[in-house]
Amino acid sequence: MRRNKAAIFGLAIMAIFLGLAIFAPVIAPYSPDEISSAGASPPSWQHLFGTDDLGRDVLSRSLYGARISLSVGAVAVVIALLLGTLAGAVAGYYGGWVDGSIMRAVDVMFAFPSIFLILAIQAMLTPNIYNVMFVIGLTSWMGVARLVRGEFLRIRQLQYVEAARAIGCGDLRIIFRHMLPNAQGPIIVAATLGMAGAILTESALSFLGMGVQPPMSSWGNMLMDSQAYMRDAPWMSIIPGLLIMVTVLSLYFIGEGVRETLSPKERHAGS
Amino acid sequence: MAIAMDFDQEGILRSSLNGEVSILNPVLSTDNISSAVEGAIFNGLITFNEKLEVIPELAASWQASKDGKTWTFNLRRDVFWHDGRPFTSEDVVFTYNAILNPKVNSVRRSDYIINGQPIKFKALDKYTVQAVLPVPFAPFLVRMGMGIVPKHLLGGKDLNTASFNRRPVGTGPFIFKEWTSGDHVTVVRNPKYFLGAPKLAGIKYKMIADDNSQLVALEADEIDEAGIPPKDYERMKKKAGIKVYDYDVLLYIYLGFNLANPKFADLRVRQALAYATDKKQLVDLIFKGLASPASAPTAPISWAYNSNVPKYEYNPERAKKLLKEAGVNSLEFTILVNQGNKEREKAAVILQQQYKKVGVNVKVRVMEWSALLKIVNAPKDPKEFEAVIMGWSLGLDPDAYSIWHSSQYPAGFNFVKYSNKKVDRLLDQGRLTTDKNERKKIYAKIWQEIAADQPYIFLWYPKALTGIRDRVGGLSKPGPAGLFVHLEKVFIRNAQVRP
Amino acid sequence: MRKFVLNRLLQIIPLLLGISLLSFLVTRLAPGDPTALFIDPNIDPLELARVRANWGLDQPIFIQYLVWLKNALLLDFGRSYTTGLPVITEIGERLPMTLLLMISSFILTLLITIPVGVISAVKKNSWFDNLFTFISFAGMAIPTFWLGLMLMLVFSVKLHWLPAVGNLALPLITMTIGSLAGLTRYQRGAMLEVLNQEYIRVARAKGLPERVVIFKHALRNALLPTITILGLSLPDLFGGAFVIETIFAWPGMGRLGVQAIFQRNYPTIMGIVMLSAILIIVGNLLADIAYAIVDPRIRYEKK
Amino acid sequence: MLEVRNLSVNYYVDEGTVNAVAGVTFNLKEGEILGILGESGSGKSTLGFALLRLVDRPGEIVSGEIILNGLDILLMPERELRRVRGAQIAMVFQDPFTALNPVLTIGEQIMEPIVLHQGVKRGEARAKAAEALRAVKIDPARIDDYPHQFSGGMRQRVVIAMALACRPKILIADEPTTALDVTIQAEILALLREIKNQFNLSIIYITHNFGIIRQLCDRVVVMHRGAIVEEGKTHLVFDQPKEPYTKKLVDCLRELG
């Protein structure tokens, strides 16, 4: 009951952030890139969240940053889900050597410290927002693959799949119409956690100078740029730091909510 | 634990390095960080004083022949390697021949090859070395500062892999003691140093790659010396126990245009962009004013500096007019900057806004250093970039042949394809002339020509800002050579160093 | 059991081959090469070409890989371009520091995670549970580098309690907070699930004290998913290690690795990727073995 | 020998409060097998758990008395309660697949209550555990095996052995055969009858299966929506049900059988 409240809270926050991101050009009081020789100034009526070291309005940058951070998170997760679901579904459905080779590929990817892979691929592709999404997606699909495979191995045994096969459904139809919808719960949970993870990964990439590139603002690179100013201009780091935290928390809450609704064991009542 | 030890041990200078020492062999090392440590361990034939003038070190004196091709160095006779062996001319010849050996991975080799011919080094006797140049070459003497390595330890060994590179033995004021990979290098005083025993008991170089962490360590009294970011300058100046020094360095940062690209072929376009560049805003926003707007491919502290060059003071109206004159209605281009360099990234973002005001649309592309160089240095014509923000660290000699001579394209560092017959001729002349005053005039003309052509927009001359804890004394006068020109004179206040 | 371990060990071989090929390709296809370090107007580009040839980089990639593979099979991973040291030596100097950090963080994490997870589950929705729920969510939601710098500002600059660099405490705390959060949630979740199992009620019906019910009956079962998660979180530990090592100037392997990537120091990159892959695989294997030890079902199935 | 008076248990769930057991009163006589009959959701399992105060949150025992040997179980301090659990009243659960801890040997699980309640050394407890296994017709040599090595019926025997280990006076069996095949059901029922005599037990047998009640129980209590609707000798209730609800149940059984 309490958790579901948290999940609703999380959903509400995400909805608000999404709205702010979409309407950023309307809401933002300034252009996010407009610099001013004044440099960093604390929050005031002109600049509610203050300005950064180049005199740019932190509120406007946060709003535009929401677009970037949320879409990096969302697209990266979609990529990871597509890859992971496909790999897991194929592996779990066909089994045998198909399963074996896909799962070995998953093992290879898992055995890599993904930060190295991300860095190397980023170096290869040069950092920009699309590559950031792509690279994070490409290095985070393995968990989903294992999960979907596990679900499929379980579902494959169930009667309705047998029945579908008996009436002559094709493989693709069985996978997508009969099996996948039944595995969607865990996938949704993985998606919310994955999106949270992607937003954090983007900020870690920013630390390495390989995240979303300037002048585009993402919460990750705002936070990174601010770290040198923690003492002189704390608002520069507090705002994006809080935004990241609240977003990630909201996503976790949503994930937990979905998880608890799905798990009947948590909701036992009298016999 | 390591830190507690420092407080116990008196007279140790706790220095810091903002990266990792890679190799302690002056023949092989290429990075400033390794060089900083090598400076304490090794000596060259010559060295530089605070004013960057050449002064004797291992060589007591030298003479050049009349034709300027034969140089004779008379070595000091009181120098010993840290292992007790005497230093001789054999060591000098060995060092330079090692650099010239193609099997040795030294990228300094080209410093000692002139017009495709190597300089010949010869030991005339135990304490005399002769260098024979194919042609007279003005920058020769400053290149004799290379740290000399011992023949008796390296002769017959594969220099690239010698264990010496990790446990170096030199002639300098400090003796190598310990190197913990990625953490610190410690050196201890050489009581027999030929310029006088150092006053420090030793130096511990702590490797701290992150600028913020370095600053925090200085504030927390864990190190004695650290670079100060400009935005912390005022705060650190007020901080008790720390003194902040600022001084100019031989470096300039620029926005270079690919002149092979038709967008930048017209001089008026480049001039327009120069007028559209508010260098003062750049310097104020990025450095809080602790850097100076640049105007020429040199630095104010170079002896060949010439302030009398076209300056293109900020004038957006003039910029718009020039663009119109050039018939440019819409200009759009991409600036490359290297990833990890916040100052240049910010500069690109600021330039983007400044150029927007004159109707020029700029995209910024941040690339990893290696990837960026791959584009800029690829030996092909035309190159695949439009504009790039980079910096040149200048040698002590003003020679800029490799940057501006038209022969240095497409292979070479004239990657913007600058081509000016007059500059070519002056560059050739500048290398061959040995008289300093003559050369000064030649380079003044070169700077004027280049500044007028604006193949680069010269952005700023950085300053070095260094914070030193009060307990450190004996620093040299702040200058481009740093604060530790005479390491043997540096001391820790109130420390008892056993003689 | 022995067959199970043997089988797993055999699987490592193709895994390492795959990893080596992938990382070789990825690093070589990235633009630029190690001589980018030497950019200096005084260096003739011809010299760079000479050095490249000295390193064998003028050969086709395929040949380079085979040469690397042949040498690697003889446990020769080449020499670092920047230090000239054998890669094994270079890594060997750094590995102990990374392991020190990772293992102590690992132990600290377990010491905190297990009791906190257990208490949170047993006292579900109590103030303790809510507090740690909040702390762990916050721990998961804070970017590591930010947390590290904040801790440094507070404990080194303001309070002067701990040295900013060169000391284990702060990097350890930062790393532990990062991994603590997720694990505590898992431990709590697993515990909650186990506590709803019939055998827990059975244990209570037998009159066992709550202590025995929780620690003997519930915890052993609830540890199973935690062990798996621990194994799976190893790659992340390496990733986190890099950021932490940089901030706290900790001379570990993560920093060496990322630096090697920026420098295109191929032999070092390959050495580190292979070594961390082996560590991760061995870590997972150990997790599986630990799982089998705790869970008799696995143990006997594989007999 | 066990008297239950006015026992009520509530569940507090999202949708509100469910009165799972609503003021139930009955007693168990020495040596009898009392059947508690009800459909799923009738509160019969909750009642079974409540007898040993094993109702978990979100459930709560809100009122009533459970008198054993003159003492109210509901008022006992935790320590004393534990001396009742397993020692005087033992339980056998519905699902033998989940009732045994998968990571402990069956021997360990049977020995636990013996060591706890009889304060004997492990060696002796092990002997007693072996004896308990023999009583439920399992080879004592398998004492060090794990639950997953047994079939369902065998596991239920282990559960019964565990319940019998401390020689309790009362056994509460909560649908111990529903998860098992019919043939194995019969074996377990026979076993229960056998051990009842051997160990001089009183049994509360909770089920939704009137057939089993008829075979096994002396008396029956019929529950519906948390309350007792009818109570009496099994054959009387079966032959002349008074309440319409009971009648319906009996009719169902007749149709089937």
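The letters A, B, C and D name the chains in turn, as written, and every chain counts its residues from 1.
The criterion applied here is as follows: a contact is a pair of C-beta atoms (placed from the backbone, for glycine too) under 8 Å apart; a residue touches a chain by one contact, two chains touch by 3 or more.
Since the structure is predicted, the reported quantities are computational estimates derived from the model, not experimental observations.
A.B. asks: Which chain's centre, taken as the mean of its Cα atoms, is farthest from the centre of chain C?
C.D. replies: D
A.B. asks: Averaging the CA atoms per chain, pick out the one whose centre lands closest to the mean of every protein CA shown.
C.D. replies: Per-chain C-alpha centroids ranked by distance to the global centroid put C first.
A.B. asks: For the interfaces B-C and A-B, which has the higher count of C-beta pairs in contact?
C.D. replies: B-C
A.B. asks: I'd like the Å distance between the centres of chain B and chain C, where a centre is the mean of that chain's Cα atoms.
C.D. replies: 38
A.B. asks: Provide the C-alpha centroid distance between chain B and chain D, rounded to the nearest whole angstrom.
C.D. replies: Roughly 86 Å, centre to centre.
A.B. asks: How many angstrom between the C-alpha centroids of chain B and chain A?
C.D. replies: Once rounded, the distance between the two centres reads 44 Å.
A.B. asks: Find the geometric centre of each of chain A and chain D from their Cα atoms only, then give the gap between the two centres in Å, rounded to an integer.
C.D. replies: 50
A.B. asks: Scan chain A for residues touching two or more other chains and write them down.
C.D. replies: Within chain A, the residues that touch at least two other chains are 123, 208, 227, 230-231, 268.
A.B. asks: Multi-chain contacts in chain D: which residues touch at least two other chains?
C.D. replies: 56
A.B. asks: For chain C, write out the residues touching at least two other chains, lowest number first.
C.D. replies: Residues 30-32, 149, 153, 196, 262.
A.B. asks: Taking the touch rule as given, give the residues of chain C at its contact with chain A in the complex, in rising order.
C.D. replies: Residues of chain C touching chain A: 11, 14-15, 18-19, 22-23, 26-27, 29-32, 125, 137-138, 140-146, 149-150, 153, 192-193, 196, 232, 235-236, 238-239, 242-243, 254, 257-258, 261-262, 269, 272-273, 276-277, 280-281, 284.
A.B. asks: Using the touch definition from the top, list the residues of chain A that touch chain C in their complex.
C.D. replies: 2, 104-105, 107-108, 110-117, 119-121, 123-124, 143, 196, 200, 203-204, 207-208, 220, 223-224, 227, 230-231, 237, 241, 244-246, 248-249, 252-253, 263, 265-266, 268
A.B. asks: Could you list, by residue number, the parts of chain A that touch chain B in their complex?
C.D. replies: 33-35, 37, 39, 53-55, 122-123, 126-128, 208-210, 213-215, 225, 227-232
A.B. asks: Considering the complex alone, what residue numbers of chain B touch chain C?
C.D. replies: Touch list, chain B to chain C: 1-3, 20, 22-23, 28, 30-31, 102-103, 105, 107-111, 113, 160-162, 165-166, 180-184, 206-210, 212-213, 216-217, 219-220, 222, 340, 368-375, 377, 379, 392-393, 395, 400, 402-403, 411-413.
A.B. asks: In the complex formed with chain D, which residues of chain C make contact?
C.D. replies: Residues 196-199, 201-209, 212, 216-217, 220-221, 294-297, 300 of chain C touch chain D in their complex.
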